[in-house]
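Chain lettering (A, B, C and D) follows the sequence in which the chains are written, and residue indices restart at 1 in each chain.
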Amino acid sequence: MYLTAEVTLQEEVVEGIYRLCIFTPTIASLAYPGQFAMIRGWEGYDPLLSRPLSFHRIDFQCGQVEFVYKVVGRGTALMSKWRPGHRVAVLGPLGNGFPAPVAPAVAVIGRGMGTVPLLPLVESARREGIGVFSFLSASHAGGLVDLDRFMSCSDQVFVRTDDGSLGAPGVVSEDLERVAKSTQLSAIYCCGSRRLARAARDLAIFLRIPAYVSLEAHMGCGVGACKGCVCETKDGYSKVCKDGPVFELNEVVF
Amino acid sequence: MYLTAEVTLQEEVVEGIYRLCIFTPTIASLAYPGQFAMIRGWEGYDPLLSRPLSFHRIDFQCGQVEFVYKVVGRGTALMSKWRPGHRVAVLGPLGNGFPAPVAPAVAVIGRGMGTVPLLPLVESARREGIGVFSFLSASHAGGLVDLDRFMSCSDQVFVRTDDGSLGAPGVVSEDLERVAKSTQLSAIYCCGSRRLARAARDLAIFLRIPAYVSLEAHMGCGVGACKGCVCETKDGYSKVCKDGPVFELNEVVF
Amino acid sequence: MACTEVVLGPLTLKNPVMPASGTFGYGEENAGAFDPGELGAVVAKSVRLEPAPGNPPPRLVETPAGLINAVGIPSEGVDAFIRDQMPLLRQTGTVVIVSIAGSTALQYGELAARLSDVPGIDALELNLSCPNIGHGLPFGQDPGLLAEAVSAARGNTGLPIIAKMSPNVTDIAAMSKIALDAGADILAIANTVNAMVIDIWKRRPVLGNIAGGLSGPAIRPVAVRNVWRVYEQVKAPIIGSGGIVTWQDAVEFLLAGARAVAVGVANFINPNAMKEIIQGIQGYLDSQGFESVEDIVGLAHTIGRSQ
Amino acid sequence: MACTEVVLGPLTLKNPVMPASGTFGYGEENAGAFDPGELGAVVAKSVRLEPAPGNPPPRLVETPAGLINAVGIPSEGVDAFIRDQMPLLRQTGTVVIVSIAGSTALQYGELAARLSDVPGIDALELNLSCPNIGHGLPFGQDPGLLAEAVSAARGNTGLPIIAKMSPNVTDIAAMSKIALDAGADILAIANTVNAMVIDIWKRRPVLGNIAGGLSGPAIRPVAVRNVWRVYEQVKAPIIGSGGIVTWQDAVEFLLAGARAVAVGVANFINPNAMKEIIQGIQGYLDSQGFESVEDIVGLAHTIGRSQ
């Protein structure tokens, strides 16, 4: 779907991280967790390309999708100036999202902005009555966006921050390992850190359960036409936008 | 002066024409009628260059300068979205403005946006107690911005619109000719129309009084360095930004 | 309503708008905004003789008003292309142009031979910007290699041949003449401009391939200039491209001398771009009182500068 | 504090930042934001042998992230230049580079001769992008003319010669070698890219001269690529330019292999640009632990790509 839609909310969640809501019933009704949209809403050709953002919440009842993004460059800086009523071009939903969680329970493990695409997954698992264990890390407490939502939809949430501002210092993948010993997990979902991804992969292989990772790459078209966004997989290069952004973890070459 | 300053007012005067006030005591204290500023206040490089605008009002008491501009392209469209508080880069005052009016009376003749630089001249003449006759034309009444200010500072104002929406249809240069017969004018100031400029030139030659015109050209640097903004004069090419924008009317080759 | 049909030598298009090779999916990689059958032609991503992986990522980097790509022509190889892609292309119901990329001049000939008898192909486009094996410069930058590559293709096919020229040359008109003399029917002016970006924090080039090709609005005035020069000096139909985003841009190329236009990066930022361009050209012709696209091809050359 | 001095063959600059010819006034045409004496060098607008009016207006047209100029090198002529401009240039107290533009190869020689003994000139820059009389291509695009022009200047001066190369060539490294063999000491990489814009309503080129040279951020990645190539293939100090607006851009050119940078259009949109660039380079060197500008020249070539 390529359409023009209206911004309904923009708020700075913590310094440099924003929440953006867009009213688009069509996309809200089609999207599922792990998918993304390409968004553009500025005049002129600098920056030129649309920016890919993962769905952070898909509210098909309100006809709204929610994104959470960090200002890292000019595109996201411009984005942060959009106000309710501003009209933006949205192409989406795009890509293959996360395979639907199955009982008894799933683990999600993410770091920093990598927790963004995990939230709708956690929310949908909860809606389906599937258990959720969330393992979240960030450099500091502020980097853990919407921790309350993760808490309210998870059986248990483990939090680690590099500076110890929330949760004891430590490695969240070790928490996952510990939990996996005592809990039956059907799958692990991962995003936002190569290190965590490698740890999750090894654990999943050991547990013989599937594990998935959501990847990022610079994108041109977002639909598989330009072959610009490849990552290395065991079969050679795969298109992050079309073959992913979610891949089976042990298919990916890190 | 090159500085960053704050927008204090932005209002749409009539459809597509805006008033923009900028708080910059330094520039307000230096500028005189007929000069201009180069203004830029957007992110990125598209559009690339600053946009030249003539001072429409120079209020050195409030430390403010006022511009009136028409949205004709992308730069002015972006400008029209600036709100109070927005910070813009301003280079100015630039160019040679109008020679100071002298007694007993001056005539200003302008069309459309060409009336913009004439207003501060009219206001300063009035302050000095010099007579002012204003001859203004536009395609329609809406194109005559701040007619009330012209009225309050002129001895007489003649107005013509192409569609007859204000003033009888007709040619404002004929009004000037008529007035010039019965009134002693020390100079004629002109802006915004080649046809009016030619008529003013012929009349000024006939009356043996000086006449001045403010010209426009695409500008790069605004300070005379790039030689990009030339117009043809009797001495060859002259730089509109540095040798002008105000020229002696009979120096210019139309 | 003005007629939008254009005749490019042996090739007739119902309208002058097509995608630039490598930037638009005619099948499932289509953003789905309109039916590709509405296009003057569809153009496939360049295909190679043998499967090739393409360049290591990152393959894209944005620049002011531009995009550099160093995708490097990954390909499933011509056999898989004929098997998997041709049915999709045929199905579009419009003119089908297949772009080919060789690593040697002979490969252009071989590719042409392989594709000549495949039903549903209306023309071959030679992507001459690919680096060749055993020589520094790409085909499009070396007069001798250029002639060899085009001749090799010409010798093996009766299909119309489009030579897609490199702008990275001293004299694109002279190179175009070489391509025409070697048997090309149509010129595509032009491919991307050599460019690169360095990451000042990592202190190394951003792209996996170090350098790539710049496209997008940044190069539009360069491409217009190239079309203008070639139109002045060479008698051959031109497909103009480089930075076309809006119908106004497309009209600019037509006025400069292009008979058709190819749209690249614009498809990324507005999947409706080509449809809007077709409609916009139509509207321009109608409102300006022209009867056909052909009426405005090169028109900016002939109208005297009134002042 | 890291050392910002750079040595360009026979020329030593206190810092690597200078204006690009034709874009900055060292005297009264200065936007007045800082003292030109703070610059590594000042570079004058190209001067001709005889007075010349330049091209008819319009001379400028904006493009996405770019500016095309067809100013056409108006000049008061070398005599008036020496009389009126040199005192201003000398007065800046920094290195003075005078750019010269000939219509024939001999004129470069004559200009060099006339300027050689004028006190206060530290180097001559040859603007080789000007069209020459009696031949289609500008000096910078024709190997033979290029050699002639540089040799003519070399024969008549002991001053350091900077050859300002055209990017509108197939192989800028090969052309650079020709310029060096003919006697140039330093390369300026590169001048503007040929470009044009057509007004679709008037249906004619916007510029009085039809086409002009594209500068600004749009061409930055093209210029970086050219610097990179020349650095790889030619041993000579390089002044990089094309689209430098911020200090980050300048560092990119240094990492690509430039030893100094010239700033053009940026002076129009930010009269403080060069000062900010000098400060920014200094800050980068200090924060990244480099001791001098020389430490980062070409550094992006040597650091292996770690993944």
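Everything that follows uses one rule, which is that a residue touches a chain if its C-beta (ideal position, glycine included) is under 8 Å from a C-beta of that chain, and two chains touch if they have at least 3 such contacts.
Keep in mind that this is a model prediction, so the values were computed, not measured.
Q: Which number of steps is the smallest that gets you from chain C over to chain D via touching chains?
A: 1
Q: Just grab the chain with the largest centre-to-centre distance to chain C, centres being mean Cα coordinates.
A: B
Q: Once every inter-chain C-beta contact is counted, which two chains account for the most?
A: If you count contacting C-beta pairs, the leading pair is C-D.
Q: In terms of contact pairs by residue number, which of B-C, A-D or B-D shares over half with A-C?
A: Most of the A-C contacts reappear at B-D.
Q: In whole angstrom, what separates the CA-based centres of chain B and chain D?
A: Distance between chain centres, rounded to whole Å: 36 Å.
Q: Averaging over Cα atoms per chain, report the distance between chain A and chain D in Å.
A: Computed value for the inter-centroid distance: 47 Å.
Q: For chain D, jot down the residues that touch at least 2 other chains.
A: Answer for chain D, listing residues that touch two or more other chains: 63-66, 216-218.
Q: Could you list which residues of chain A touch at least two other chains?
A: Each of 44-47 in chain A touches at least two other chains.
Q: Thinking of each chain as a vertex joined to the chains it touches, would you call that graph a line, ring, star, complete, or other?
A: Basically all the chains touch each other, so complete.
Q: Residue numbers of chain B touching chain D in their complex, please.
A: 1-2, 40, 44-50, 89, 91, 217-232, 236-237, 242
Q: What does chain D use to touch chain C in their complex?
A: So the residues of chain D in touch with chain C come to 63-66, 68, 137, 141, 168-171, 193-198, 200, 202-205, 208, 210-211, 214, 216-222, 224-225, 228, 243, 248, 251-252, 255-256, 284, 296, 299-300, 303, 305.
Q: Given the complex with chain C, which residues does chain B contribute to the contact?
A: 44-46
Q: Considering only the defined contacts, which chain B positions touch chain A in the complex?
A: Listed in rising order, the residues of chain B that touch chain A are 43-47, 74, 77-78.
Q: Could you pull out which chain C residues touch chain A in their complex?
A: 22-25, 28-33, 45, 53-54, 56-67, 69, 71, 74, 216-218, 245, 265, 267-272
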